[in-house]
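Would you mind keeping the following structure in view while I ask a few things?
As written, the chains take the letters A, B and C, and residue 1 is the first residue of each chain.
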Amino acid sequence: MPHSPESVQARAHHFVDMEQQREAGTLGMWAFLVTEIMFFGGLFLAYAMYRAMYPEAFAAASHRLNIILGALNTGVLICSSLTMVLAVRSAQLGEVKALKRYLVATIVLGSAFLVVKAFEYSHKIHEHLVPGASFHFEGPYGQHAEIFFSLYFMMTGLHALHMIIGIGVLLVLLYMAQRGRFTAEYYSPVDIAGLYWHFVDIVWIYLFPLLYLIGRDT
Amino acid sequence: MGKAEHHAVVDLDNDYIHAGYGVKSWLLTVDHKRIAILYLISITIFFFVGGFFAFLLRLELMTPQGDIVSAETYNKLFTMHGVVMIFFFLIPSIPAVLGNFLVPLMIGAKDLAFPKLNLLSWYVYNIGGIFALYALVNGGVDTGWTFYTPYSSTYSLSNVVPVVIGAFILGFSSILTAVNFIVTIHKMRAPGLTWFKLPLFIWASYATSIITVLATPVIAITLALLAFERVMGVGIFDPALGGDPILFQHLFWFYSHPAVYIMILPSMGVVSEVVSCFARKKIFGYKFMAGAIMAIAIFSFLVWGHHMFVSGQSVYAGYVFSALSFMVAIPSAIKVFNWTATLYKGNIEFRTPILYAFGFIGLFTIGGLTGLFLASLATNVHLTDTYFVVAHFHYIMVGGAVMGYLGGIHYWWPKMTGRMYNEAWAKFSALILFVGFNLTFFPQFILGYLGMPRRYYIYPPEFQVLNVLSTAGSTILGLGYIIPMVYLLWSLRKEKNVGANLWGATGLEWTTQSPPTTHNFEKIPVVTGEPYMYHQEAKSAA
Amino acid sequence: MWSFPLLPDSASTIADKIDALFYFLVAVSLFFSLVITIGLAYSAARFRKGSPASRKGALNDYLPLELAWSLIPLAIALFIFGWSAKLYLDMRVPPSNAMEVYVVGKQWMWKIQHPEGNREINELHIPVGRPMKLIMTSQDVIHSFYIPAFRVKQDVLPGRYTTQWFQATKPGEYHLFCAEYCGTSHSGMIGKVIAMEPAEYEQWLMGSSRAGIAMASSGKELFDRYGCRTCHRQDSGPRGPALDGLWGKRVQLADGKTVVADQEYIRESILNPAAKTVAGYQQLMPSYRNQLTQDQVNQLIEYIRTLAPVQEK
């Protein structure tokens, strides 16, 4: 079977054409994101149930989160989504230089998010708000506040893990871009990574109000 | 279609098995057919491990008192039997072995959409398996495969966390395979192969994949929360610390009920292929059959609460879940009646696979009908958590899913290996399995109605006779699983001795040589006809 | 050895009704199994390969048939659902005149206390012909209180009460099983339910060596010993609400909700007072989680229940 040089490079043998390969990749990522939604969905369900059961305790615990750092991180992530979109756009247009620039920007913003998150975590450790033997929460709501913080660490921890994986993926893309693997005809890895990155951002857009804001006024 | 003649001359060594030699060529393969073989080896090992546990359980239950193992060991045995059989055998069985091998072949593709991901999923499966085996060697786990809290999170002293991590990792293997199937079936069908021309095995694989993608992540996060709770000592599901154990049950069954259909739907797909082929007749009510598969997949997500009628769930929730559970009976009935109708005025050839299919239909019918007893609220109260439930789900999972799996293995073995097994032995073992299975599990229906609770190490003496019958049956059943192992392996010693299509079946997988080449098809086939067009005068009345 | 039962004892008012439904289900199952078996066997024999039977008019689909075998099972399923749901409601709602017994499950025994004070372990004595309501909770993991001869079963959960009721119809000894897996000696968490003629039962209550102080009296003793009265009395003012006549009333809470003062509410208020604060009061009460056993909580509940309304005289 004859192969033209560029198809050998970009198209896997079992696809009929580039179109089929691109569509397969995109659909695969969407299917995977459905899985991710259900994954976080279990946590959101647990959160909703316990908030309904212990509204006062959850409000009291929520007060211990740093709303300024949370808001800052929200801003950082929204900006990273913008740079990610710009990276995808540059890839579509075949502007490899711009692509690399925007990938770097996205990686930097993602890392900034993680640094801020690390600060928040170290505060929580310092204030004995990490669930477990050393957990301490003044007032009548200690036990239920511990459930809040269990969910807080599970939700934000899993989110941070997704961020780390995302940054890893972007680094690979950067390397591939450096090697000149992307052209205006072949850029679907960037496209698919973009889907993933936006998904991770959207999860945070829900986590921020649920964990930091709701019940704040009581 | 019947294009077998195209491959009358077969280059003996030009197939996927001879595409590379040495261990490395297998461990680094991205060929879906080789990965299927890798899975076949892995799950067969786990099947016999899980079966060995079951045999020890049955031996222990020969007498009312404790004999050969301690209560603690007994509890670990039934837990590991459940964990191994469900997570490491039944869930991957048909999708990962037959599905991997056949989905691309049946839709005229050269491979699955993501071959590397496919290989990765096999490695992920084995990493999950290593965690489970580690827990086993390290003393086992005694929570029951259901991991109910707060026993699993606070009270059990066994290796809960490694097993939970194993199941968690395994979930990703299922998800990767499912994503691969969904994309492949959507995007890589041969030209002309529209949805309603797909074989029912593809429909079943598709529905199974959808369930896997939607349900598996929920068990993953639930088990992650359980591990977090156990390690950190917090009370997400422990009422002593403000948590709610019923939430765990809801989350657990939200996955684990659909998981039942992950196990049984692929078998239904296999049976449809086999029945149609050996009746030499188009499957009766094709569109209803495809619709029933999708209906079962949808209903599977709406009935989890029927595991919890006596858990303390509200009466109204009980009503809703009971009513929805009865609805599952409708698509199940459609399938059984349609298989039966397919045989009517067929031209039935009694080869090995259809014997397994007959076994499936009979046992699945009993399993399904006894499901009504459990969907019904008032009888459920008495029967739940007794041996009636044990018998019911073994009729579905062993009588149904495993029979279908073995039927599929016997049907496609010549395609996978290019060799035919000894059919006399194969028919004999199908008979042995059917008899042994019923002797093992039918007495358990009676035991359950008498009130014998499940997971009992010792039991009142009046239950002994039925337990002895069950144990006797399990010995026969065990034999029935070992015989196929022997003659199937034995067949590999022979020369390749089958053509492309020894059953004279329709379907694209039979148009290519046996075993197929690495790329499956020399030329991507173009599909024009309906599925299951066996030569006869049957016609549509509609 | 060969005289073994194939049908369970039937010894409660609900048992025969469950059995009737069960046998109907058996009949439905037999019918459909036979239809399928005969269908398979007939086709297998008559239309085997090479048989001379005519294959003329073979169909590949036929809508009326599909509808028939969808809608007939649907109708049967709905009928069974309705029948079963009605029975289930009867099983779930205890008659108002039911006698009550407290059950506490723990690894691996059943602790039972009658309001009259009699305590039992792994045995439950009941009178026949009287509805009995079990108020059950667990000290550790989930258990399930199962009496096969009565066809009743209910999970017993830590941290909350569940109830079930039954009415025995004939005297005798019946199995009591734990039906929810609860750890190493799960299968040893068994006992006996002993149904007696009412007169005999009265005698047992009075004459049993375990006969002791009525639960309410024990509860009063605890109420005094832990100084509950300091805050919970008519003139205690803002320190705590009075409990006289509380039982069964609707309580207005600080967050605007209301709650019925039942076992669940009183138990929660003792063990986790912060969960629900009565309107007009401050949350001052400490938790008694680590000081009271589940049995003692039950006794306190029985005591509070007996506190007659004072002002309404």
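Here, contacts are C-beta pairs under 8 Å (C-beta built on N, C-alpha and C of every residue); 3 or more make two chains touch, one makes a residue touch a chain.
Values in this document were obtained by computation on a predicted structure and should not be read as measured data.
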item	value
Most widely separated chain from chain C, with each centre as the mean of CA atoms	A
Result of counting contacting C-beta pairs for A-B and B-C, higher pair	B-C
Geometric centre distance via CA averages, chain C-chain A, whole Å	46
Rounded Å distance between chain A and chain B, as computed from the means of their C-alpha atoms	35
Where chain B touches two or more other chains, by residue	242
For chain C, residues contacting two or more additional chains	272
Numbers and ranges of chain A residues touching at least 2 other chains	54, 143
Complex interface listing, chain B residues touching chain C	71-72, 75, 142-144, 146, 148, 150-151, 154-156, 239-240, 242, 245-246, 279-288, 310-312, 315, 318-319, 322-323, 326-327, 329-330, 333-334, 336-338, 340-341, 343-350, 358, 361-362, 365-366, 369-370, 372-373, 375-379, 381-382, 384-386, 446, 449-451, 453-460, 462-466, 536-542
In the complex, chain C residues that touch chain B	1-2, 4-8, 17-18, 21-22, 25, 28-29, 32-33, 36-37, 39-40, 43-44, 47-50, 53, 55-63, 65-66, 69-70, 73-74, 77-78, 80-81, 83-85, 87-89, 91-92, 107, 140-142, 144, 146, 148-149, 151-155, 157-160, 162, 175, 177-188, 190, 272
Residues of chain C that touch chain A when the two form their complex	255, 272-275, 283
Touching residues on chain A, where the partner in the complex is chain C	54-56, 140-141, 143
Residues of chain A that touch chain B when the two form their complex	12-16, 20, 23-24, 27-28, 31-32, 34-36, 38-43, 45-46, 49-50, 53-54, 131-133, 135, 143-144, 146-147, 150-151, 154, 158
